[in-house]
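Next come two complexes built around subunit A: one with subunit B, the other with subunit C.
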Partner chain A sequence: MIQTNKTVYRKFLLILGVIALFFLPLAVTNPYVMYVINLILIYTLLALGLDLIVGYTGQVSVGHGAFFGIGAYVAAILSKNLGFSFWVNLPLSIIVTALIGFIIGFIGLKLIEEYLVMATLAFGTIIWLVFLNWTDLTGGPMGIAGIASPPPIKIGTFEFVFFQYQDYYPLLLLFVFLGILVTRLIIRSGFGRACTAIRDDELAAQSMGIPVFKTKVMMFTISAAFCGAAGALYAHFLRVVSPETFTFSMSVTILTMVMIGGQGSIAGAVIGASILTVSSEVLRETPELRMIIYGFLIVVMIMFFPKGMMGLFQLVKRRLQKRTLQAAETTPEKEGLSYEH
Partner chain B sequence: MFVDQLINGIVLGSIYALMAIGYTMVWNVLRFINFAHGEVYMGGAFVSLYLLLLDTPIWLAYLGGVCAGAFLGYLMEKVVYMRMRKAPKLNLLIAAIGISIVLQNVAQYIWGATPERLNSPFLSKNFTVGDMEINQHYVFIIILTILVMIVLELFMNRTLMGKAVQAASQDINATQLMGINANKIISITFAIGSAAGALAGILVGPVFLVYPTMGVFAGLKGFTASVMGGMGNIPGAMIAGLLLGLIESFAAGFISSGYRDAVAMVILLFILLVRPQGIFGKIIQQKV
Partner chain C sequence: MSIDLPNDSAILTVQNLSKSFGGVKAVNNLSFSVLQNNIHAIIGPNGAGKSTLFNLITGVIKPDMGNVQFLNQDITSLRPDKIAQHGVSRTFQNIRLFPDMTVFETVLIGTYQFTGGNLLPALFRTKTFRNKESEAKERIEETLKFVGLWDVRNEYAAQLSYGNQRRVEIARALATNPHLLLLDEPTAGMNQKETKELMNLFSEVNHQGITILIIAHDMHLVNSLSNQITVINFGEKLAEGPPELIQNHPAVLEAYMGRAEAHA
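Coming up: the complex of A and B.
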C-alpha cells in the first residue's frame, strides 16, 4: 500500500514539474538565458535520437550531425524557396532524414562496429561538403538566412506566437516531451527490447530469432528522424542555417552528450545535453581558452566517468545503499527484527 | 599538364602514406582509431615553424618538429589512452576527439589562426627536365618518404624491437605472456607513428601552409589510406596513400575543387562497402 501511494505521489510530482516547466519563461526574463535553454532542448532531442542507436542498439554513428543538417536544410530550403510554413516543413524534414537514414543504415549497418564509425564519418563529411558547395540550393558557405518563424496558432482568444526565444520555448519543450514519450514507447516495445538484445549480444539475439539487420536499420532510421525533427526546429528557431554548424564536430558533440550523460538512458541524454551546452556557453567568458577547457573537460569526464553521469549516480546510490545495509547489520537487535518479519 | 598532375599526386600521396602509418600502427596494437593523429601532424609543423623563428638551422628545426611530434604521440598514450585500456572502444574514440579539440585550440592560442609558410631550402628552386620544371621541394618530399618507408620496413623486419611490435599486432596478450613489455611496445608504436605524421606535416608546411586545423582533412585522408590498404597493413597503407593521392589529384582536374575533399570520402565509403578488408588486406573470419 505504502509503495503504491509513493509511486502515485511521485507521478503527481512529475506531472506538476512538467507543467511548471512550461511556465519557465515567466521566471526567466533574460533572453540570452532563454536562448541557451532552447539550445539545450534542441540538443536533448538530438541526444535522445542518437542514444536510440548508440545506447540502446550498440551501433556507433559519428554522422548524426549530418542528419541534423539535412533536417535543417530541408526546412530552410522549403521555407525560403517555396514559402512553406514550419508545420509543413517539420514532417517533410523528418521524412527526408528518415529516408536518407534508412539508406545509410542499409549500407552501413552491414559493417562491424569500427567500420561503421568510419562509414558514418565519411557520410557526414560528404554531406557537409555538399552543404558547402551546392551553392544554388544551400547558399554555399553563407548558408540560408531569413527563414520564417512558425506561424501563430489561435486557440479561442489565445494566440501563440513563436517569434521570440521565450515564445519558441514551449514549442521546443513540447517536442522534447514528445521525443521522450516516443523513446519510452520504443524501448519498452518488443522492437526496443530486440534492439537491447542486439546491443548486449548480437549473436545470441540472432539465434533467438531476432532479425538483427532489419531491426538495426529500423532503429537507425528512427534515430535519423529524431535528428531531422531537431534540424527543422533548429532552422525555424535561429532562422538561419550555415554549413559550419553541421560539421564532424557537431556529430561528435552529440555523441559526447550521449556518452557524458550516460548511454541508454533518457535522463542521461537530458543531462549530457545540459552539461555540454551550459559549459560551452559559460566558457564564452574566456573566449581564448574556451575550446581548450571544453576539450579538456570531455577528456577528463570520459576518462574518470566512463559510464557518464548516470553511471556515477548509480554508483553513488549503490554505495549509499550498501552503507545503510552495513549500518543495519552492525546493530544486532534491528537485524534480528528485520529478519523475523 | 598530365605530368604536373602526376607529380602533384605523388607528393600528396606521400603525405597521405606518411599519415596512414600512424593510424595503421596504432590500430594494429590497440584496435582503435586515434582521431588525434591529425593534431600530431599539425603540432610537428608548428614546432618546426617556431624553431625556425628562433634561427635554428633548418635541418635541426625539421628534426625538432619530428621529435616533438613523436613526443606528443607518446604523451597522449601515456597520459590518456594508457589509463583507458579496459574502457570500451567508444570511450577511447571520444577521448581522442577531446584531445584533438584541446591540441587544435592550444595551437591557436599560442600561434594564432593565420596560416603561415614554413621555410624550405628547396622551395624556390626547380629542376629542369626537358622543357618542364619540377619543384625541388616536391622531389625532397618524395625522396624522404621513400627513405622513411625503407627505414620502417627494415625496423619492423630486421630488429628485435620491430619484431616485438609485429608480435604485439598479432596478439598483445600473448606477447605479454612471452615476457615482452606491452606498454613499452605501445609507446614505441605511438612514437614512431606520430613521428611519421609530424614529418608529413613539416613537409607539407612549405606548400600548403601551417595553421591549427591543418590536421583535420589530412587526418581523414591518411585514415582513408589506411583503410584502403587494409587496416593494420603497413606496406598496404603506404601504397594506398600514394594511390589515394594520385586519384585525388586527377579527380580534382575533372570535378570542381570544392568537392575535391569529397573524393577521398567517397573512396572510403566505397572501399568499406566493397572490400572492407582493404585492397591489400586478407579476409579474417570473425570469431564467435
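Coming up: the complex of A and C.
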C-alpha cells in the first residue's frame, strides 16, 4: 500500500512539475536567458532523435546536423516561397526529413561501424554544400530570412501568440514532451527492444527472428524525423536559417550531447542538451576553443563514464541505496516504526 | 506447437551441404535428417565442421552447395531472422547475451515475432498491442519458471554464473516458440552437476514436443540423452545411428579413440 501511495505521490509531483515548467516564462524576465532556454529545448529534441539511433540502436551517425538543416530549410522555403504557416510546414518538414532519412539509412546502414560514420559524414557535408550553393532555393550563404512566426491560436477568449521568446517557449516545451513520450512508447515496445538487442548483439538478435536491417532503417528514419521537427521549430523560432548552422560541427555537437548526457537515456538527452547549449553560449566568443573542449569531453566520457552523466548518477544512486540498505540492516528495530505518509 | 506430422518423419533434412573457407572444406557434401521429436546429436573432433554446420542451417553463412529443408520447406537461402520465424532457434557455442539487459528483458527479445515490430500499434498503445505485450510477458514468466531462472529475472544476465547464463540463452531460444532447437555445445565448460541439470532440462524441453539438435563433446551426455547420433569428421559424415551402434562403430572408434590409443 505504501508503495502504491508513493508512486501516486511521485506521479502527482511529476505532473505538477510539468505544469510548473510551462509557467517558467513568468519567472524568467531576461529575454536572452529565455532564448537560451528555447535553444536547449530544440537541442533536446535533436539529442532525443540522435539517441534513438546511437544510444538505443548502436549505429553512430555524424550526419544528423544535416537532417536538422533539411527540416529547417524545408520550413523556411515553404514559408518564404509559398507562404505556408508553421502548422503546415512542421508536418511537411517531418515527412521530407523522414523520407531522406529513410533513403540515407537504406544506403548507409548496409555498412557497418566506421563505414557508416564515413557515409553519414559525407552525407552531412553534401547537404551543407547544397544549402550553401543552391542559391535560387536556399539563398546561398545568406540563407533565408523573414520566416513567419507561427500564427496565433485562439481558444475561446484566450489567444496564444508565438512572437516573442517567452511565447514560443510553451510550444517548444510541448514538442519536447511529445518527443519524450514518443521515445518512451518506442523503446517500450517490441520494436524498441529489438533495437536494443541489435545494439547489444546483432547476430543473437537476428537469430531470435529480428529483421536487423529493416529495424535499423526504421529507427534511422524516426531519428531523422525528430531532427526534422527540431529543424522546423528552429526555423520558425529564429525566423532565419543559414548554412553555417548546419555544418559538420552541428552534427558533432548533437553527438556530444548524447555522449555526455548518457546514451540510451531520455534524461541523458535533456542533460546533454542543457550542458552543451549553455557551454556553447558561454564559449560563443571563442568557437575554435569550443571544438577542442568538446573533443576532450568526448574522450573523457568514453574513457571514464561510457554511460555519460546518467550513468554517473545511477552509480551514485546505487551506492547510496546500498548504504541505506546496510544502515537499515544494522538497525532493524527502527524498521517497524518508520513509514512514509 | 504441435505439427501434423507422424512422429518419425523428418523435421530437418540437410542435403549435400558443402562450404569451403579458402581451401579448407569445412562441410563437405553432408546429408542427414533430423526426425520429429528426436534428440539428435552431432559429434566429431574439434574442427570437424559442427559449428559451421549450425551456421549453415541457421542462415548465418550461405552454403556453396546443397540445401536445407525444414518442415518440407527450403530454408537454404533465407536470412537468419526468417529461419528463426520458421521455428528454428539456437544457442551459441560462445554464449551471446545482451550485456545491458536483465534476464527478463533478454528472454523477452525471443518473443519479437509475437509482439511484432510494428510501430503504429506501439505508438497508440492499441488494445491488441497491450494484449500481445502482456501475453508475451506471461509466457516469459512461464519459460523462466520452467528453466529455473524466475528468481533471478531482474538481475543482469551477463552477471550470472556460467551455467545460468546458458539457461538464459536456452530460455531466450525457447521464447521464440521453436519446433527445432539447435544447441551448440551447451555443456562445454560445465561441471558434472551443472551438466546433469542441463541434461534434465533438455529432456523436459524434448517432452514438450520440441526436437533438439545438439552438438556435444561429452560422449556420456550424448549416449544417455540422444536417440540418434551423426558423427562428422573433416566436414564429412563418418557414421550415423542410435548411440549403441555408434559406440562400437569402427570408424568412430578410429576417429575418436584411434589416435588416443596410438598416443598411449
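By definition in this document, the second predicted complex is superposed on the first by the 301 of 341 C-alpha atoms of A that agree within 3 Å, B and C clash if a C-alpha of one lies under 4 Å from a C-alpha of the other, contacts with A are read in each partner's own complex, and residues count from 1 in each chain.
The rule we apply is simple: contacts are C-beta pairs under 8 Å (C-beta built on N, C-alpha and C of every residue); 3 or more make two chains touch, one makes a residue touch a chain.
Computed from a predicted model, the values in this text were never measured in an experiment.
Here subunit B and subunit C are compared by how many residues of subunit A each touches, and B touches more.
Contacts of A:Glu244 after superposition: neither subunit B nor subunit C is touched.
In the superposition on chain A, contact of A:Ile186 is made with subunit C only, not with subunit B.
In the superposed model, A:Leu203 makes contact with both subunit B and subunit C. In the superposition on chain A, contact of A:Ala119 is made with subunit B only, not with subunit C. Shared interface residues of subunit A, touching subunit B in one complex and subunit C in the other, are 203.
Residues 31-33, 80, 83-84, 87-91, 93-95, 97-106, 109, 216, 220, 223-224, 227, 231, 256, 258-259, 261-262, 265-266, 268-269, 272-273, 276, 286, 288 of subunit B are the ones that touch subunit A when the two sit in their complex.
Contact residues of subunit A toward subunit C in the complex are 182, 185-186, 188-194, 196-197, 199-201, 203-212, 214-215, 218, 222, 264. Residues of subunit A that touch subunit B in their complex: 54, 60, 62, 107-108, 111-115, 117-119, 121-123, 125-126, 129-130, 132-133, 203, 248-249, 252, 255-256, 259, 288-292, 294-299, 302-303, 306. Of all the residues in subunit C, the ones that touch subunit A in their complex are 58, 60, 79-81, 84-85, 89-90, 92, 96-101, 105, 108-113, 115-119, 122-123, 125, 129, 132-133, 136, 172-173, 175-176.
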